[in-house]
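Several structures are given next for inspection.
Same chain, two partners: chain A is paired with chain B first, then with chain C.
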Partner chain A sequence: MLRYIIRRLLLIIPTMFFVALITFSLAHLAPGSPFDKNPNRPMSQETIDRISRFYGVDQPVPIQFITYIGNVVRGDFGISFTRRTPVVDIIGQGIGTTFQLGLGALAFALAFSLPLGIISALKQNTIVDYASMLVATIGTTIPGFVTAIFLIYLFGVTLHLLPFVGWGSWQHMIMPMFVLGLAPGAFLTRITRASMLEAVRQDYVRTARSKGLGERAVVIGHALKNALIPVATIIGPATAGLITGSFIIESLFNVPGMGRLYVISIVQRDYPTIMATTLLYAFLIMIANLTVDIVYGVLDPRIKVR
Partner chain B sequence: MAQQLLEVKDLHTQFFTRDGVVHAVDGVSFELAAGETLGIVGESGCGKSVTALSLMRLIPIPPGKIVKGSIVFDGADVLKMDDDEVRGIRGNNIAMIFQDPMTSLNPVLTISRQISEALELHLKMDKSEARKRTIELLDLVGIPSAKKRVDDYPHQFSGGMRQRVMIAMALSCNPKLILADEPTTALDVTIQAQILDLLKNLAREFRTAFILITHDLGVVAGMTQRIHVMYGGKIVEKADTGELFANPKMPYTWGLLRSIPRLDERRKAKLLPIEGLPPDLIAPPPGCRFEPRCQYRRDVCREKEPELVHIPNAKPDHEARCWGTQEGGWLVDTDWRKEVGDTRVIEEIKQEVAQLPPEPKPGDVPPSPTAI
Partner chain C sequence: MATTAATQQQARAAELNVLARTQRSLWRDAWYRLIRNRAALVGLFIIGFVSLVAIFADFNLFGIHIRLAPYDPLLIKQNNQLMEPIWTRFFGSKFTDPAYIFGSDELGRDILSRLMYSSRVSLVIGVVPVTIVTTVGLLVGMTAGFFGGAVDDLLMRITDVVYAFPDLLFVIIIVATLRNTALGEAYDGLLIIFVGIAVVNWVGVARLVRGQVLSVKNREFVEAARAIGATPGRIMTKHIFPNILAPIIVTIAFAVPGAMLTESVLSFLGIGIRPPTPTWGVMINEGFVVFSTTPWPVLLPAICISVVLLAFTFVGDGLRDALDPRSKM
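For the complex of A and B:
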């Protein structure tokens, strides 16, 4: 097990290298540069050349890449072109907020999806089932930004119940967490329901009943653990999605997290910030996947980790 | 008659599907004394598994429902019990061994947990007692180094070993009756014999009655005292095992016997299959259920259904459901080994089957020979 985890952790290094390579190429392939002529802030060609030389963007892209990788290996992620502070510091300010938002949304998604999925499977084709499937369908089909705007209008502007700009108090967190967790939660509800329906039809559930176990023991003790295996597979990418997918929500609710920072840095061609955020996201996704694989092995004894 | 352990009377179990009501078990009655062994034989879809599941009220509701009849076990009607009482019987007084040991054990729970569960529930053992007993049971069913293997998961066992685990599980609370539903069908032939021996010996040792359900007459031959042959949701022949093999009295049983390879036959002797398809249990034939496939049929077979009655030229408790072999029938003196019936009828049945539309997709409902 330990060897497996170490090997998976080591595999992160080459993956990160390729993520860096592709992001770097794409960022530089995109037209424009961080020091484009700006009518509000006229700069002479001479100035632009000097700044470019200072930040090294006058070099050929492959040379820039090699320099960048060299710096990263030494732990230097560079200085933001637009804010003139180290990228690490900028990310450090946003990451806590993004994590709070992402994990809160995940907790919310799990808290409603698992019970709802299980109940609708057990009460298949009843009003309870139809109602929760309706909620799940609405949750998956309506995009987060639409829900967000609707909620802002309803609870923020009209009813004045919740603040909808910024971050800090728990009231600030409710709407963004709800909106962010809704879609993955709705999807998880469907998956839970489907895999629970599958599980309760299995022979071993009949065996469990034939032993005289009560319905609770049959469902929780025998069906649920099997039903959670496919659900766990989905939770991994969903977690990564919650952390990375937050930039629209962060922008809408003006949450000072990494997602908003990411969007701004792309618009401004702030190469060091783009690179650092992308690499961080890639790292988080890989850690999420690894966690799921480990949980998978715990849930399903048939899966041997090698 | 002495007090029976199990008395099933006029049991009707039906499945309500989109295509109609499937009469899976259609008026089955039989008795079983304590410690007695019974074989229920019939082809797929004849209602034998549904009968067994009905005895423990394990029919999924919906679509299934036990609509009529009584199942008196140890003096109490299982069908009149509330859910808690039924659960008190399941695993405790009646235990079941299922067909496929690969899927009947929970893949994510240890063997120890799966056996101990029933012990803790019914015999109120604590964890360590239950564990000790589990190891004893595994020893008993012949699992080598049971102590080491008790914490293994099902996938770490072979098919035969898993079926041994299932037997240990069934025996765990010392039930009065074990229902074994095709316990060896999913296993290799060599393992089959071992499992059957084990089941027989343990049942004898613990004086447990068992009902062995199988499609294979060869399997029940050495195993049970009596055999009931089922066809199309009904029992069509009841006899002692020796009597049934020596003196079968129903053309369906003849067909089953003809389709078993025999060691003492000539090498080149062909096995004779039963032509045609099992009856549609949504709209069963109005007369004898076997009539559409029977090589000895007459008009009366199509018009009226025969009762399960005592048969002449046979032992007193030998009963069959056939107009031909009943008192005054045309098959009373027929030797089934020599007279295969009307060969023209066989050709007819073959042609009717050939004209049937392609089989619908497999499901709970057997393919329907409505064209017949």
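For the complex of A and C:
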């Protein structure tokens, strides 16, 4: 197990290198630079040269890449083109908010998906089952920003119940967390239901019933315990969904997190920030996937990790 | 009443009796299962309707000219900005105009016409990149699965890297960085979205196809074909391909709305299709400025996206159940 974890951790390094290489190449393939001549504010060639030297963009691209990787290994992600402060500081300001939003959304998703999935599996083909499956289908299909629009219209513009710009108070957090958690939650509901349906038909559940256990003990102690194993594996991709969802939701609700920062830096072509946030996102996703694989191996000893 | 029930029951029994009824192919069977699924049927009708609207929004081919859209979607009319849809009149709105059934946006452009033209972009986005993705994914996946070796290793390494990116993040990086190149400007930004979606998604299809090929290629019927001297090309096209088609069809059914969603997200973030070309995502992006004043320029395209995406999901779910009745989820 330990060897497996170490090997997986080591595998992160080459993958991160390629992620960096791809993003870096794409960024430098693009023509123009943030210091292009602006007809309204002309800069002398001298100034442009000086700025280019300062940010190191006067070097050939491969040299720039090697320098960049060297700096990243030492924890230096460069200086933002547009804000003129170290990228690490900018990310540091946003990451807390993003984690807060993401964890809230995940908690919300788990809180509604598990009960809903279990109930619809236990009451298969009843109106309860159909209703929750319809909700789950809608939740996985309608994109978050569209749901957000309907909610903002209803609770923000029409009823004036919730603010929809900014971050801070719990009222600010309700809608973003709800919208962000909806899609992963809906997906988890479907998985929980399918997995629970499978579990209640197993022999060990029949055994538990036939030896006279109460319904509650059978469902929670025997069926659910085993049904949750596949559910656990979905939390990895769900986290990825939360991350990609967060930059749309954060932009929409003006939440000052990493996601909004990412979108802004893309629009402004602030490459150091784009590079750093992309690397961070990729890293988080790989860690999430690795965690899930490890948890999976611990939960289900039948799975042999290779 | 009783007799109808009895006849229905008889019909049902006859239906289930595979030997007695007229022989049908597996595909025809799947088709019957699909159209018996009510949600899938509704989905099919919606998709058909939207396709017709998209085609005939402004149809001018073979000397036939049909134009469903009441106005040019780019036509800006002064003094007619932010008209509300005509039904809001019954709720006391004073800003309606019978000339604008769905109202007008912040520049005085007709929302109905813009919605119609938007469906064209969505349809193209749904068809073109998915065709590319499927073709490339099939070719690479079948080669990798059937022959293994270097192609297989390379494919798996590429998948590892691409899987480390969230799909949408990767598309955004590609589209955003190449946005100001000739590629990014072609067809109002349509081409770069095709490229972005294709580059990111072919890997998933290739991986799926590879897995399917691996699970099929050692089965008896393939062995039998090989035994009678079929060439690898013939085995792949005549024996393996038809047997892995079902999961691929289901994947395509979900890839189409996925591509549409990607476009609307990109356009909504302001890095997709370039305004003034209307798409539902662009309309939401532009209308958001006036959202507190009047919600319709945003709500109507949002409803369109929701309905179309739901229609595709219903069809996709129906297809999955119809093609593989065992995997009902």
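As a convention for this text, the second predicted complex is superposed on the first by the 282 of 306 C-alpha atoms of A that agree within 3 Å, B and C clash if a C-alpha of one lies under 4 Å from a C-alpha of the other, contacts with A are read in each partner's own complex, and residues count from 1 in each chain.
Everything that follows uses one rule, which is that a residue touches a chain if its C-beta (ideal position, glycine included) is under 8 Å from a C-beta of that chain, and two chains touch if they have at least 3 such contacts.
Keep in mind the model is a prediction, meaning the values are calculated, not measured.
J.: After lining both complexes up on chain A, report clash or fit for chain B versus chain C.
T.: Aligned on chain A, chain B and chain C fit with no clash.
J.: Which partner does A:Ala131 reach: the first (chain B), the second (chain C), both, or neither?
T.: In the superposition, A:Ala131 touches no partner, neither chain B nor chain C.
J.: Who does A:Met1 touch here: chain B (first), chain C (second), both, or neither?
T.: neither
J.: Which chain makes contact with more of the residues of chain A, chain B or else chain C?
T.: Looking at chain B versus chain C, the one contacting more residues of chain A is C.
J.: Under the stated touch criterion, which partner chain does A:Leu161 make contact with: chain B (first), chain C (second), both, or neither?
T.: neither
J.: Name the contact category of A:Ala111: first (chain B only), second (chain C only), both, or neither.
T.: In the superposition, A:Ala111 contacts neither chain B nor chain C.
J.: So, A:Val61: does it touch chain B (first), chain C (second), both, or neither?
T.: Neither partner.
J.: With the two complexes superposed on chain A, say which partner A:Ile274 touches: chain B (first), chain C (second), both, or neither.
T.: In the superposition, A:Ile274 touches chain C alone.
J.: For A:Leu213 in the superposed arrangement: first (chain B), second (chain C), both or neither?
T.: Touch status of A:Leu213: first partner only.
J.: If you stack the two complexes on chain A, which partner ends up touching A:Leu9: first (chain B), second (chain C), both, or neither?
T.: In the superposed model, A:Leu9 contacts neither chain B nor chain C.
J.: For the overlay built on chain A, what is the smallest gap between any CA atom of chain B and any CA atom of chain C, in Å?
T.: Superposed model gives a least chain B-chain C C-alpha distance of 5 Å.
J.: Following superposition on chain A, which residues of chain A contact chain B and also contact chain C?
T.: none
J.: Where on chain C does chain A make contact in their complex?
T.: That would be residues 160-161, 164-169, 172-174, 176-181, 257, 261, 264-265, 268-271, 284, 291-292, 295, 298-299, 302, 305-306, 309-310, 313-314, 317, 329 of chain C.
J.: In their shared complex, at which residues does chain A touch chain B?
T.: On the chain A side, the touching residues are 202-204, 206-214, 217, 221-222, 225-226, 229, 299-302.
J.: Show me the residue ranges of chain B that touch chain A in the complex, using the header's touch definition.
T.: For this pair, the touching residues of chain B are 56, 58, 87-92, 95-96, 98, 100, 103-109, 117-118, 121-122, 153, 155, 166, 169.
J.: Over in the complex, which chain A residues touch chain C? Could you list them?
T.: 11, 15-16, 18-19, 22-23, 26-27, 29-32, 137-138, 140-143, 145-146, 149-150, 152-153, 157, 190, 193-194, 240-241, 243-244, 248, 251, 263, 266-267, 269, 274, 278, 281-282, 285-286
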